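Here is the structure we will look at, set down as C-alpha cells.
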Amino acid sequence: MKVIENRPSSLQVFEELESEVRSYCRSFPALFAKANGYQLWDVEGKQYIDFFAGAGALNYGHNNMRMKEKLIQYLINDGITHSLDMATKAKEMFLQRFHEVILKPRGMNYKVMFPGPTGTNSVESALKLARKVTGRETVMSFTNAFHGMTIGSLSVSGNKFKRKGAGIPLQNSVTMPFDRYFGDEIDTVSFIERFLEDNGSGVSLPAAIILETVQGEGGLHAASFHWLKRIRDICDRWKILLIVDDIQVGCGRTGTFFSFEPSGIQPDIICLSKSIGGYGLPMALTLIRPEIDIWEPGEHNGTFRGNNLSFVTATEALRYWETDAFSKEIKDKGEKIRHFLHDLVQNHPELEGEVRGRGLIQGIACGVEGMAENICAAAFERGLIIETSGPENEVVKLLPPLIIDEAGLTKGFEILDESIKKCKTSSTE
Amino acid sequence: MKVIENRPSSLQVFEELESEVRSYCRSFPALFAKANGYQLWDVEGKQYIDFFAGAGALNYGHNNMRMKEKLIQYLINDGITHSLDMATKAKEMFLQRFHEVILKPRGMNYKVMFPGPTGTNSVESALKLARKVTGRETVMSFTNAFHGMTIGSLSVSGNKFKRKGAGIPLQNSVTMPFDRYFGDEIDTVSFIERFLEDNGSGVSLPAAIILETVQGEGGLHAASFHWLKRIRDICDRWKILLIVDDIQVGCGRTGTFFSFEPSGIQPDIICLSKSIGGYGLPMALTLIRPEIDIWEPGEHNGTFRGNNLSFVTATEALRYWETDAFSKEIKDKGEKIRHFLHDLVQNHPELEGEVRGRGLIQGIACGVEGMAENICAAAFERGLIIETSGPENEVVKLLPPLIIDEAGLTKGFEILDESIKKCKTSSTE
Amino acid sequence: MKVIENRPSSLQVFEELESEVRSYCRSFPALFAKANGYQLWDVEGKQYIDFFAGAGALNYGHNNMRMKEKLIQYLINDGITHSLDMATKAKEMFLQRFHEVILKPRGMNYKVMFPGPTGTNSVESALKLARKVTGRETVMSFTNAFHGMTIGSLSVSGNKFKRKGAGIPLQNSVTMPFDRYFGDEIDTVSFIERFLEDNGSGVSLPAAIILETVQGEGGLHAASFHWLKRIRDICDRWKILLIVDDIQVGCGRTGTFFSFEPSGIQPDIICLSKSIGGYGLPMALTLIRPEIDIWEPGEHNGTFRGNNLSFVTATEALRYWETDAFSKEIKDKGEKIRHFLHDLVQNHPELEGEVRGRGLIQGIACGVEGMAENICAAAFERGLIIETSGPENEVVKLLPPLIIDEAGLTKGFEILDESIKKCKTSSTE
Amino acid sequence: MKVIENRPSSLQVFEELESEVRSYCRSFPALFAKANGYQLWDVEGKQYIDFFAGAGALNYGHNNMRMKEKLIQYLINDGITHSLDMATKAKEMFLQRFHEVILKPRGMNYKVMFPGPTGTNSVESALKLARKVTGRETVMSFTNAFHGMTIGSLSVSGNKFKRKGAGIPLQNSVTMPFDRYFGDEIDTVSFIERFLEDNGSGVSLPAAIILETVQGEGGLHAASFHWLKRIRDICDRWKILLIVDDIQVGCGRTGTFFSFEPSGIQPDIICLSKSIGGYGLPMALTLIRPEIDIWEPGEHNGTFRGNNLSFVTATEALRYWETDAFSKEIKDKGEKIRHFLHDLVQNHPELEGEVRGRGLIQGIACGVEGMAENICAAAFERGLIIETSGPENEVVKLLPPLIIDEAGLTKGFEILDESIKKCKTSSTE
C-alpha cells in the first residue's frame, strides 16, 4: 500500500512510540474511534465506508448488534474468559452449533482443533499434522500463496519480500504454478503430475498440498472448480493430504461457507480464522478428517486457544448459516460487483484492467505500475477504505463486509469511480 | 499432566467433536461455566481455587471488575473492535499509558511492536528482527527453554516431544546450558564464552541469545541475576542481540513488571504476551531498542494485531503498576509460598523435593517419578487447579493469580498438603 | 541395472568382504583382469567390448599406449606423485598445455581450480563459489539432473532413490523442467522466466543455474543449443551464475571438447572430471571466469588435489585436441550410432523406442518396462558391456570410448541387435 | 599457513593460470620435481626434508620402491586401471589381504565399502549410512573436528572459516566439547550425557557420533583412551552409531594401524583414506559392521571408486603390517619426537609452548600469535616442509612419513631448532 507522507498530527503517538513495522496506519492515516456495520468514524467524526473488512476478519461487519448483546451478557455473567483448552460451556456450545449448522448439513465429518487464535497458528498446526501423518517433510504450495508470517507458514508463502524477512533460508517446501499461472492454455495440474510421476524430477513426494481457492493476498487469482477437483485427484493418487487454507475466503466470503463447496471436494485439513469469531475477535480452527486426527494430547498448543469471548460471538455468527438466504445474498452482491468492475474496466481502458476474484472478494488488476496504489489512496481521501493485493500491489481489492447493503455498495462504487478518474487525470498531467 | 481416564459424561461433546490434541480438559475434567478472581465454578456449581492462572495469562485474576466495566462500556459505545494495525483511539491510549507507566519510570527506551496476539508471534518477530539486524542466522537458546509452537519458536525450544511434533529437522539454532545446568559448581557462561572465542568450535556467532529468566514450562529453573548480567556481557562483547522472552514471567509474575529488572540488564528485544492484555484476551508485544527498529513497513504482520478489546483491558491493567504497592504485595506472597514449600519439602522427605522458582511462579521438583502428576490430580479432585512443569512433568507448579488473597493462598496450601499426604499413602500401599 | 542372481563363484570374495552397496559387479558379474583400448578380458580369458567406458572416464580407451609410456617414465624418474596443491613440474605442464590447447584456441579465459579428484568435489566447489560470489543460497537445477552423491551435489540432483539416501531433507535448491520436459510444444525457459519475474512465485533468485547439456545419468536428454543460449540469457538478466557440469559429456564426448561449444555460450563455471585425467585416474577441474575467482586461499581444499600421475596422463591426452581431426572422427562415429539406433527403433517397434543423446552418448529409451535392463543383461552375456540410464533404467545407453574403431562399433552393434531379438522373444514367450 | 609474498618467478604459471584458492604453493613456494622417501627436490635441485607427508597421505614415504615396482609391472601388463565398482583381480587381492593382514588378526569384522577415492567421500557415506540405519537426522561432532569440505562433511567440521565457505547454513549436526575442551578438570562426557538424558535439552538423539582420536587439522588434541571408551558407552546406551574418522591418524600414524586400538573400542563405522593407498594415490574405504551394512546396491556411488592402481599399491603397503615391527618402530620415533618437543618447550619458554599429539603426529601449540606460522616459514627456507594446525594456525605440526630414518628426524629437528631461534630473535628485534 502506498505510504502517505504527510500524516495528520493525530498519529504522532504512533510515530513516536510504535515500531517502524506498522503499515496500515500509513495507508489509512486517520485515528479511528468508532465503527458499526460497514462504516467507521475517525476522532474528527469523518465517516468511512469499509471495503476492507479487517482483511476478511469482519465478514459480519463491525460491532454486529446481536453478537454484541451476547458478548455483553456473557461478560456481565462472569462467563469464563480465558480457559486454555479446558472445557467450558461457551466452547461446548460453539462445538455443538458448528457441528449442527455447518458440518452436518454439508455431510462433512471433521474433528475440530483450536490451534491458537491466529491464522498462522492454524496453518502451522496443519503442516505439523500432515508431516506426522505421512512421515514426509516437503509441503507443496503455490505461486502467490499467502499462509502466514511465522516460519512454518512463511515457508509455504510465495511473496519474496515477506520470505526474505525470515532471515534464514525457508525449507521443506516446493512451489508449483497455481491455476492459469502460465495462461489459460497451459494446464498446471498435468505439470504437477509430471513432476510427481517422474522419479527423477527432484520433487519429493509431499506430505501435503496447501492452497487457497482464491488467493487473497496474492492478487485475487481464483482457482477453477475443475482445477480443484483435479488437485484432489492428485492427492488421492499419491496419498498426499489436501489442506485448504480458507482463512480469508472461507466463512462465506465467496458465497458458500467453505469456499470449496461448489467444487464438491473434501479437503483432509481445513484452516479457518479471521471471520470465524464473528466479531473480529482472535480465533482459529483447524478441521481434521477423523482418520488422521492422530495428535498426541498437547502436541500442539498455545495460551489463547480458549478465547471464550470469541466462542460466544462465533456461535452467534453461525445463525447466519441456518438457511441459505445469506449465501444467496452474498452471491447477488458478488454479481453486482462483477458488473461494476467489468464496466469500469471497459470504461477506463487506460487502466489495462483485468477483473479477478469471486463473490465478495473481487478486484481489478491494473497493468499500469503504481495505478492501483494511487486509486486506493485517492479513495481513502474520499472516505473509502480499500487496499491493494498482489506481489506488486497491482490489484485494487474490494473486500466489503458480507452484510453490506445496497447503499453501502453504491456509495463505495461511486468513490472508486471518482478515484479512478482522478488518478487517470493525474497520470496524464 | 496426568490424564484421568474416567471422565464425567459432561465432556462428551468434546470427546466426540474436538481433536485428540486437546489436553488440559483431560487433566482438569470438568465443564467450567463461571470465574471470578482466583476462583472458577463448573456447571454443577463446584468451586475451584486457581493456582494455574491461564498458564500465566490471568495475573490479574478472572474477570477483573474494573477491566470488565471498561470493556462493556467500550462495547456499548461501538469502539473499534478489530483494526489490523490502523490507528485507533484505544491503541493510542495503550501506547501512551504503557510508555508513561512502564517504560519511562524504568528508564527504558523501546519501540512497541504488535506482532499478532500470541506469544509465539512475538518470539517469531523477535527472531526475524535479530537475524535482519545482524545478518546472522543462528540463534542461541537454552536447555529446557520454551518459546512457542510455530516452527521458528519451536526451533529455540528444548522439549523433545514438542520438537518432534515439527515433523522436520529444526534448524538455525544452538542449545546452550542454562544457569546451573551442570550443578552449582560449573559456570555455564564461561562455557558459552569458550565456544564463541574458539574459531574451531563449530558454534556460529549467533544473531541473538534468547532466554527466559525463569523457565516456566521447562521446570521452574530461575537464572541468577549475576548470570543474566554475564549473558548481557557476552552479548555486548560479540554484538549479539539479547532477547528476553518475558511472556510467562513478565507482567509482574516474579515481583517486578519485567522479570529481569533486579539484574539491571536491558535486553535488546523483549517479548510480552499472556497477561499483558490484563483480562486474558489475546495480545502480544515485542519491545525493540529504537536503534534496531529497522523493520520495513509490513515486514511482519497478522490479522489480529489490532485486538482493541485487549488494548482497553491492557490499559486498565497498567493501573496496578502506577505505584510499587502491587510489586511489594507480590513479593510478600512469594515469600509465603517459599516458606510453605520449604516446609513441605522438609516435612515430606519422601518427595525428594526441591523448591524452585521465584515470586509467584514457584514449585517443587519431585525426585519420585510420577509423583508430581499424582499430586496435581489429587489436588484437582479437591478443588485446586494446578499443573506440572518440566520435561518429565516432575514439578508441581504454583502459579496463582497475582491478586490472590490470603484466604485463597491458605486454602490452596491446605489442599496441596492433603493431596501430598494422599499420594504418599497411595504410593506406599 | 539388472542384478543377475546366479553369480559365478569367482565373485565370492566380493560377496563376503565387500559392502552391499556394490552395484556394477552385480550387473557385470565377471572378474576382470586386463584391458586395452575398447576391450576387457576377465580372468577366464573371455573378451568384452566396452560400450560403457568407465561411465565416461575412459574416453581415450583403457590403458592408452602413449599415456602409459609417459606414466611409467614418470614413475621411474621418481616424479612427485602426491603434492596436495604445491607446485610441481607435472602440474605446471598440465596447466600450460591446457591453456594452450584447450582454452586459448577457443577464446576462453578461465582460472583452473583443482578441487579434489572426483566429479562431486568439483560440483561442490562450484556451488560454494557461486553462493559466495552472489550472496544467495538457492541453486536452480533441472529435472533428471545428476551432479554427484555428496550432500551439496545431491541437493541439485533429481533422482528420488539417490536423494532419499541422504537421510536428511535436501535444501537450498529448486528443480526446474529441462528442455522439452513437457514435450516439444512447451518452452521451459519462459516457464523459468515467469517464476523469476514474479515476486510472488516463491522461487528465490538463485545464486546459480547448474546443468548438463546432455543428461548422462538422467536418461540422455540433450538440451538444444537454442535452449542453452536462452538459459545463458536468463543468467545474464538476473546476474545468476551459469555452471555447466561437463563431467560426463565434456572431454569430447559429444564431439567438441566442451559439450556446449556449438551453442556459443560461455558458462561462468565449468566442472570437469572423469576423462580429464585421460587414463582413468582420479582428477577433476573447476574452471572459473577470472572476475569471480574470489576464493580465499584454502577456502576449499582436499588431500588428493595433487594427483600428479593424472597430470602426466591428462597432459598427454591433450594431444588428441591439437587439431580438429579427433573431433571430426567423434562426430562421424556419432552419426553411425544414430543411424544404427534409428534403424533399430524402426525394425523393432515392439521396443517403443526413442533415440536420444548426442555424439558418442546416445541410446534408446524403451517404452516397455524392464526391457532396457533385459537387453543390457543379454548383451553382457554376449560380451558387450553396456548399462542403462534414466530414473526407471529405461534407456539403453551407448557410451563407447571415443577411440573405438569401426570393427569395435560393428561388433557392438551386432551384439545389441542379437540381444534385442533375444529379449523380444523372451518377452513374448 | 603464512603466505610468502615474494614468490620466485618459477611459480608464474600458477599465478597466472590457477585459481586464487591455491594455498600450499603459497606456504611452500618452490616448484617441486622429484621425491623419494622423506625427501623432495625442487627444479633447482634444492633438497627438502618432508615433515608434512602429504598431510598424512604419504605415511610410507614418497615413491616407495616396492610399491613402485608393483605399479609399473601392473601398468606394463595392462591390468585394469579404472573399473568403477566392477570386480577386478587387483581389487580382489586388496580385499583378501586387508581382511587377512588387518581385520582378522585384530578380531575385527567389517564389510569394506569403496566410497569414492577421497576422505570426504568416505565421511559422506558414513553419515548417510548412519542416518539410514537409525532413521535419525542429527550427527554429533566435536569442537575443532575436521572431516572434509563437501557439504555433508563440512556440517560436522568445526572450523569457522571453512564452514563459512559453504555459503549456506550447515544443518543436522550438533557440536560437543572434545576431551579436555574445558580443561583437565571438566569431564566432557558427562556433559554430553546430561544433554542426552534430559528430554528438555534441545539436543536431538543423534544418528551417530563422529570423531577423530587425534584432531589433525584442529590443533593436535588427542583424546584419552578412557574418554574414547566412555564415548563408546554413550553410543551403546542410546544406540548411537560411533564413526571414527581415521583418515589422517589411521594407517599407523599414531603407532597402531587403527588409531583407536589401544582403547579397545570397536567403532560401528570407520573412515579411511589418505595413506590407505600406500603410494599417495587417491583411495578411500568405509568399514561397516556387517549388521548395519543395509545399503541398497548403488545407493552411494562415484566414478573413481575403482582406482586399481591404488589397490595395487595399497595391497603392497599392507606388508608393513604383517608383523608388529613397524608399529614398534613408529612408537620409538614418536618417543623421540616427544622428547625433542618437550626439550624445545622448556628451552624456549618464550614460545609459551604446549606439546600435543600422539605417535608421529605431534607438535607444539604456541601461545604467541603468529609464532607457529613464522617458525614454519623459517623452516621452509632452511629446507624443511612443515605446516601449522589449529583454528588460529597456532600449532607447529610434525607429520613425517612413518618410514623416516634417524638421520631424517635429526636433520628435521636441527632445522626446527634453528628456525625457532631465528623467530625469537626477529620477534624481539
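To keep things simple, chains are lettered A, B, C and D as they appear, and every chain counts its residues starting from 1.
Note that in this section a contact is a pair of C-beta atoms (placed from the backbone, for glycine too) under 8 Å apart; a residue touches a chain by one contact, two chains touch by 3 or more.
A quick map from chain label to UniProt name: A, B, C, D = Diaminobutyrate--2-oxoglutarate transaminase.
Keep in mind the model is a prediction, meaning the values are calculated, not measured.
If you take chain A and chain B together, the chains in touch with both are C, D. Farthest from chain A in terms of Cα centroid separation is D.
Chain C and chain D, compared by their mean Cα positions, are separated by 30 Å. With centres taken as mean Cα positions, chain D sits 49 Å from chain B. Annotation: 58 Å between the Cα-based centres of chain A and chain D. For chain D, residues touching at least two other chains, in rising order: 137, 161, 168-169, 171-172. Put simply, chain B touches chain D in their complex at residues 137-138, 141-145, 157-161, 163, 169, 171-175, 177, 181-182, 186, 191, 194-195, 198-204, 218-219, 390-392.
Of all residues in chain D, only 1, 3, 10-11, 13-14, 17-26, 28-36, 40, 43, 54-58, 62-63, 68, 71-72, 75-89, 91-92, 95-96, 98-99, 111-114, 116-121, 124-125, 127-128, 130-132, 137, 148-153, 155, 161-162, 165-168, 171-172, 207, 273-274, 279-282, 286, 288, 293-304, 307, 309 touch chain C in the complex they form.
Chain D contributes residues 168-169 to its touches with chain A in the complex.
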